[in-house]
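Structures for review follow.
Two complexes are shown next, each including subunit A; its partner changes from subunit B in the first to subunit C in the second.
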Partner chain A sequence: MRLRRGQKPTRRLAHVWNEANCTACGACIIACTATNAPEMMHREEKGWNSLASNIRRIESANAQGRPTMLLNQCQHCEDAPCVHTCPFGAVYYNDDGLVAIDERLCIGCSYCVAACPYNVRWMHPDNGLPKKCMGQACLDLVAANQQPACVQACPANARDFGDLNDPNSSVTQTLRRLPNRVLLEKAGTKPKYFIVESAS
Partner chain B sequence: MNVADLTLQADVAHWSWTIALFLWFVGIAGMGSVAYYFSRKAPLAITIFASLVIGLLLVVSHLTRWWNLPVTIFYAVLELSFNFQSWMFWGFVILSVHLVFSAVVVLANIPYLQRFWFLRWGAVLNQSNLFLGGFAFAGFMATVYSGFLISTAAGVPLWNTALIPVLWVISASVATVAVLELFYVFGWVEEREAAFGLRIGMGLDVMKLLAVLAFIHISLTVGTMGAQIGAERMFSGDLAMLTWIGVIGIGILLPLAIGAFTLLFGKKKPLLAVSAVAALAGVLFLRAAVLLAGIWEPLVI
Partner chain C sequence: MNTVERKGMKRRTFLGGATAAGIGAVLINKGWVDAAGFFGPNGVDIEGLQQAGYDVRHTICHQCGAACGLTGLVKTDAPANGDNFVVFGNQNPEHPQRGMCGRGATAPSTWNSPLRLKKPLKRVGERGSGEFEEISWEQALDEVAERLKGVIDEHGVRSICFARHNFQNEIAWLTMGLNAPNLIGQASTCNTAGVVARRWMMGGAFSHHAVIDPDYDNCRFVLLPGRTLNAPIGAQFRLAKAKERGARVAFLNPAHPDTAYGDGEWISCVPGTDDVFMLGVAKVLVDENRYDENFVRRYTNLPYLIKADGQPLSEADFEEEGDENRFKVFNGEEIVDHDLDGLVPELAYTGSVTLKDGSEVEVSTAWNLLLTHLNDYTPQRAARVAGVPVATIVRIARTLHTMDGVVEDTWYNTRNGNDSDAIMALMTVNGLLGNFDKPGGMCFRPGHGVPGTLSRDSDGTIRTRMGRELALPPPGRRIDQEMFPETNGTFEAVVRSVVDGEGPYPIKALFNVDATLFHRDPNTRRIEEMLRKLDLVITTDILHQEICDWSDYVLPTDMFLERRLLRGVGWTFKPTAVLAQAVTAPPPDADVRQIDWVGLELLRRIYPDRALSLGYEERFHAHDVFQDEFLGAIEDRRIEGLAANWNRDPAQVKEELLREGFVTFRDIEYGNVPYKRPFASPSGKLEIYAFHPVRRGYREHGFARHIEPPAFTMPSGRREFYLVNGKSPSGSSAVAGLAFSTQYLADNSVWIHPDDAAHLQISDGEEVELEGLDTGWVAKTRLKVTHRVHPGTLFTYSYVGGNRQRILEQTKGFEGLAKGINPHWFTTGWIDPTTGSAFNNASVRIRRVV
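Coming up: the complex of A and B.
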C-alpha cells in the first residue's frame, strides 16, 4: 500500500548484512537474480560489468593490500532521493517502509537511477524498468511471511531482514548488540541497509 | 581510505549525447523566446518551435518506456500521483506550456495561415506584450529547468551545484546570440540588432568562461570525491579534449577572437558565420562534457 504524504509506515523493514560473517560466496546475488529476474541469469549489467542483480558485489583492496568486499543494494532510505525525483510518483514508500515502484506510472526516464547516491538501480534491457531491491518476487515472499531470497540463500547467516519497529525482531536485536554502520551517512538519506562489523 | 566502485553515470543511467542534445535544443528555444520579445522575426519563431519539437522528440526517444507515457499520465491524473517535488515533473509542465506558446507564435508568423479567420487570434496574441512576456518567461524557465534537472540528480555529485542552472542560462544566451548572428549572415535580421548581439555575445562569452572555470575549479578543490574525479576527467582526463578544445577553444575563445576582430576591423559575414557555428557547438560540447563527466560517489570500503 502506497504511503500518502505525512503518513508513517506501519513497519520499518530493513536489511542487515554482517560483513564479518560473509564468506563472499555470491549465493545472495545469484538467488536475487534467479528469484526476481530469472531472464537475466546469464546477462550482465554493462555499466557495472557484473551480473544484473539487485545486489552488487564491490571488490577492492585495503591500505595493506588485503582484498575487501562490499555487498551493496537498495538502502530503502527513509528520505529517498529516488522518491523525490520521480516525476509521476512511480517510486513511492509502501506501508512496510520499503521503497517500491508502480510500473504503471514509470516512463523509464532513468531519473531515479541518476538520483540514487548508492548506484544500486539498473535499467532492465527488456522492459525498460529501473530495477532494484526488492523485486516483486521477494515482496511476495515477505507478504507470505517468508524472508527475501538473499536471506534464505545465505549459507553463513550473514544476511537478515526484519522490522526495526519491533524490539524483538532479530534485526533490532543484532543492531542493538553489534557495532554497525550505514553507507554514505552524510548524504542524509536515512538508509535502512545496515552493515554489521563483527561476527555474531 | 580505499576507493572502489567507479561507475560512470552514462554507462548505467545513460544520460549522454541524446540528453546533451535535448538540453541544447531546450536552451536555444528557451533563451530564444526571451530574444523574441525584442526581435519578433519569423525565422526566430520557427527556430524556437523547431528546437523545442526536436528536443522533445529526442528526450522522448531516450525514455525506455516512452510507449507508457499516455498510460502514465492517465493514471497520474486519476490518482493525483504527480510529484511536485520533482524538477522533471515541473519540466513537463514548463515545456508543455512553452510548446503551446511557441506554436501560437509560429502560427502568427506564417502569413498563409492568416487567411483562415479561426487562426487570426494567433496574430493578435503575437502583438501582445503580455503574451510575449509570458512566452519569454516560459522559455527562461525551461532553460532554468534544464539546469535544475541535472543539479538535483543526487547520485552524481559533480552535478550537485547551484552553478549549473546559471551556467545553462548563460550558455543558452550565448547560443541565442549565435542564432541571431547566423540570421544576420543570411540577411534575416538587421545590422543594428546583430551589432547589439555581438557586444552582448562577447560579454556572455566572458561570463561563460568564468562560470565554466569556476565549475571545474570548485569541483576539483572542495567537491566530494565523486565531484573531484568528475572534474578531473574534464580538466586533465579522458574528457579534457572535449573541455579545452570543444567547450573553451571552439565555444568561447574562437567567438571572442572573431568578436574582437569584428569590433576592430568591421563585420565580415563569413567570419561571423564561423563564430556563430563555433559558439553553438561550444554550448552543445559544454552540456555533453558535464553529462559525460558524471560519476557516482565512490563507496569507501
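Coming up: the complex of A and C.
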C-alpha cells in the first residue's frame, strides 16, 4: 500500500548482502531476471549492455589494488531522491518501507534514473519504463510472506531480506552481530541495502 | 531414528522453514496462485500440491560436471512450453551436495535455447561450414549405422573412437555392444595430472578427484592451489557455513577466482609455480618443526630406505624370490621389513647394505633425502620463482600448522605441463601436516553402493543389470593407453593417430558423445586438421556446439531436465544415492532422444543379435516405451542392489529417492584412512616419495619437484605473456557457456594487469591482437585492465568466448558468444609423456590494433 506524505511504514524491509560469503556465482542476478523479467531471458538490456536484471555486478579494486566486487541494486532509501524527483508521483514508498513504481502513473521521463545516486535502474525496451529492485514478482513474493528471488537463489548464505523493525528478524540480528556498511552514507538518502563485511 | 519418523519429518520440512520461500518465486512468477495454499510456515503439503496438479521432482544439475542437487516444480497438466516448470536448488539441508550456481540457473534457458538441437542434422556443405539439412531419426540412424558398419568392416572396430566427457554409462550400450576399445574421456585437459599424482602417492583407489577432499563442514583453514571451488556448489555452501564459524580460506592462483570475493585471501602467483610454492611451504614446515612426526613415521613412506639409484630398498634386493613390495626400514637397531606389527620406523638414517649380488650400496631414508631435496626450495627461492612475498609462504605454512589446515587437492588441474608435480607437492604438505580423516582434515569419500548398469567379466562377457549376457572377447586397450600408459584419458592420442599417423593403428571415425572438442582439447588447428581427415564424424549434443559444424551427422539428445538418472553423489563423505527425475518433457518442437536409446538403436542396426542379447527388444524402439520399461526395469533392479548393499528395503529406498531426491545411508566416519585402512600405494602409505614412477623409470627420484612449464614457450619481453584460463561460476561449462546470460555475466574479455597495460599503453576495453608464440594463431580480442590477474599474465574464462559455430551469426542476441577467445587456439598439444596429461595454458604476444 502507498504511504501518504509523513506516514511511517509499518515495516522497514531491507536487503542484506554479505560480501564475505558471496562467491560471485551470479545465481541471484539470473534469478532476478527469471522472476521479474522472464521475457528478457534471451534479450539484451541495451542501456547497460547486460542481462536485464535488477542486480548489477561491479568490479573494482581497493586502494591496495586488491580486487573488490559489489552487487549493486536499489537501496530502498528512506529519503529517496527518486521519490522526491518524480514529477508524476509514480515512485513512492509502500507500507513495507520499499521504494516502488506505479507504472500507471509513470511516463518514462527518466528523471528518477538521473536522480538515483546509485545508478540502478534500467529501461524496459517494450514499454520504455524504468525497472529496478524490487520487480513486481518479488513484490508479490513479499506480499505473500516469501523471500525475494535473489535470496532464494543464493547458494552461499550471502543474501537475506527482512524487517528492521523486528528485533528478532534475521537481518536485524545479522546487522547487530556483524560489521556492515551502506553505500554513499553521506548522501543522506538513508539507504536500506546493507553490506555485511564479515562471515563471522 | 526409525523410518516412519524420518519419513514424516522430511515430508513436511524439505521445503520448509526459512527456505520454504524457495518455492515462492515459482508460484508468483508462474501465476500458480492456487499452489500457494499448500505452503505454510511449517512446511509444504506435498500431497495437496499433487492433487492440485503440481508435482515436486528432484533432479541433479548437468550444466557442468558437478551434479549438484536441484528441485523442479512442475504443473503436470500444462503443456511443456517453458511455463510449466521451474527449477531451484534442492532445499533439504540434509542433501550433501545441493544448490544452484549461475550455471545451474541457466538450465531453464538452455531447455528452450535458440541454440538447442531439435532434429537430426546431416551435413550438406564442407566440414566446418555448418551447412546441414534436417533429416528424420530413422534416416539418421540408418545412415550412421551403415557408415559405422562400413568403417568396422574395412578397418576394424578399434578404428572408431568415442569421445566423451560425461555419459560414459549411457553410451556404453553401443561401445560395449560393438566391442569397441576406444571410449576416451576428455580427462587430459581436466584432471589427469591430479589423478596420476594421487595414484602415484596413494594408489588407484584414491586417485579420483572426488575421493579425497577437505572436510569443509569442519574446516579451519583451507588453501586451494589452482582451484576456484565454484563447483560443486554444495562444497561452497558448507564452506560458507564454516566461515561463519571462523574458518579461513586462501586461493593460490595467477588469476583472482570469483570465489575469493567471499572473504578469501588471494595469493597471486606466476603461472606454473604451484609446485615451488608448496615445496617452499614444506621447507618451512620441516625447518620449523611444524610437521606431525607421528603421522610421518607411521603413515608415510618417508622412513623407507632408498638406494643411491633412487629405487626403494626391498626384500627383492636381498633374496632371489624376494617381494619387491616388502620394503625395508630402520627400526633404530637394524634394517627390517616395513610391515612388522607395531613398528614405528626411524625417520633419519643413512647407512650401507650388502645386496644379494654382493654389492654394497648406500641407503638413506626418504626423510633424509627429502631434507636435502627441500634445500632447493627455500622460501626465498620459492618466492622468487612464484612471484609471491617470502613472508606469504612462511605465513601460509605457519597458518596451515597452527590452524590444523589442509591443502585442497584440486579437480581441473592440467594447466602448464608440470601439474602432476604441483599435486604431489601439495600432497607432500598434507602428508607433513598429517591431517587426514579427522574433522576438518582431508577426508575420503566412501562407496555409495549404487550398482552399475553394465559390467564386463575378465573374459570379455558383458552382463546387464537385468541378467542378460553377451559373450564377446576382451576389446583390448584404448589407443591413448597404448601411447600414454598412465593416463585416464588422452584424446590427443586420436589427433596424433589421424594427423601424424602415430600410434599402433589408425583412427578412422569419431563419435562425439556430448563432447566439445574445441573448448576442451588443445591446438585448434590440429583438431580441425584431424576432423578434415577422418572418414566419419558423428556428434550427439543438446546445443549446437562448434564441433557440430564439423560433423557429418548431429544427433540431438535430451538434457537433464528431461530424463531420469540414478547415481551416487560425489564430493561427500556421507554415502549417498540420488535419483534424478525428469522435470519436464522436451520442448514441443524438439525431437530429441536419450543417448542410451541412440546407442542401442545403432547397435541393433549393426548387430541385431547383440542388441537382443542385451535385452533390447523391438518394442523398445518407441522412445517412451524404452524410457519407461527398458530403463525403468533396470532402475528398479539397481535400486534393489543399492538397498541390498545397505541392508535396506528396496521399496522404502525408492520411495525416499522419489520423495527427497536422495538417500544418505550413513553419516561421515572419521579415523579410517590410513589408520585402519591403508592407502593403495605399493607401500600402503602416503608415498611422499612415489615409488611407482621411479620403478617405471619415469623419474630419477620420487619427490615432487619444480620444472618450468614444458608445454609452451616461456614468454619473454614486454609484449609476451602467459595466457591462462579458468572457470566462471556464471558460465564456464560446455552447456552454460552457450547460455544467453553468459555473454554478460561471464566476462569474455582477456584480463591484463594495470602495470602491464601501462607499459604497453593499453587502455581498458581496447581491442588488441593476440598471437600464439607456438601456434601462430592470431585473434583480436578486447582487453580488460584489472588487478585480478598476476603481472606478466593474461587471463580469460574458459568456455565463454571464441565460439565459431555459424548458427551464432544467425541467432539474434547470441552473437556475443562468438566474441573473446578460445584459449586452445594458442595451446600446442604437448602431452606429458609419462602421465598423458595435456594442459590449458599457453603464451602469446600482444599487438596493438592500429
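One rule holds in what follows: the second predicted complex is superposed on the first by the 193 of 200 C-alpha atoms of A that agree within 3 Å, B and C clash if a C-alpha of one lies under 4 Å from a C-alpha of the other, contacts with A are read in each partner's own complex, and residues count from 1 in each chain.
Everything below uses one rule, namely that a residue touches a chain if its C-beta (ideal position, glycine included) is under 8 Å from a C-beta of that chain, and two chains touch if they have at least 3 such contacts.
Owing to the predicted nature of the structure, the values given are computational and were not obtained by experimental measurement.
Participant: Could you tell me if A:151 is touching subunit B, subunit C, both of them or neither one (first, second, both, neither)?
Facilitator: Only subunit C; A:151 stays clear of subunit B.
Participant: One more residue to check, A:137. First (subunit B), second (subunit C), both or neither?
Facilitator: In the superposition, A:137 contacts subunit C only.
Participant: If we overlay the two complexes on their shared chain A, which of subunit B and subunit C does A:7 touch? Say first, second, both or neither.
Facilitator: In the superposed model, A:7 contacts neither subunit B nor subunit C.
Participant: Identify the partner contact of A:199: answer first if only subunit B is touched, second if only subunit C is, both if each is, neither if none is.
Facilitator: second
Participant: In the overlaid three-chain picture, which partner chain does A:90 touch, first (subunit B) or second (subunit C), both, or neither?
Facilitator: It touches subunit B, and subunit C stays clear.
Participant: Tell me which partner A:61 touches in the superposition: subunit B (first), subunit C (second), both or neither.
Facilitator: Both partners, subunit B and subunit C.
Participant: Is A:21 touching the first partner subunit B, the second partner subunit C, both, or neither of them?
Facilitator: second
Participant: Following superposition on chain A, which residues of subunit A contact subunit B and also contact subunit C?
Facilitator: 59, 61, 68-69
Participant: Sort out for me which residues of subunit B touch subunit A in the complex.
Facilitator: Subunit B residues touching subunit A: 1-5, 7-9, 11-15, 62-66, 68-69, 71-73, 75-76, 79, 81-83, 85-89, 91-92, 150, 152-156, 294, 296-297, 299, 301.
Participant: Which stretch or stretches of subunit C touch subunit A in the complex?
Facilitator: Residue positions touching the partner: 18-22, 24-25, 27-29, 36, 86, 88-89, 99-102, 104-106, 108-109, 113-114, 229-230, 233, 236-237, 240-241, 243-246, 256, 258-263, 266, 728-731, 740-741, 743-746, 754, 786-788, 813.
Participant: Which of the residues in subunit A come into contact with subunit C in the complex?
Facilitator: 19-27, 29-31, 33-35, 38, 41-44, 49-51, 57, 59, 61, 65-69, 137-138, 140-141, 144, 146-147, 149, 151-153, 155-158, 170, 198-200
Participant: Would you mind writing out the residues of subunit A in touch with subunit B in their complex?
Facilitator: Going by the criterion above, the answer is residues 45-48, 58-63, 68-70, 72, 81, 83-90, 92, 102, 104-111, 113-119, 121-123, 127-129, 183-184, 187, 189.
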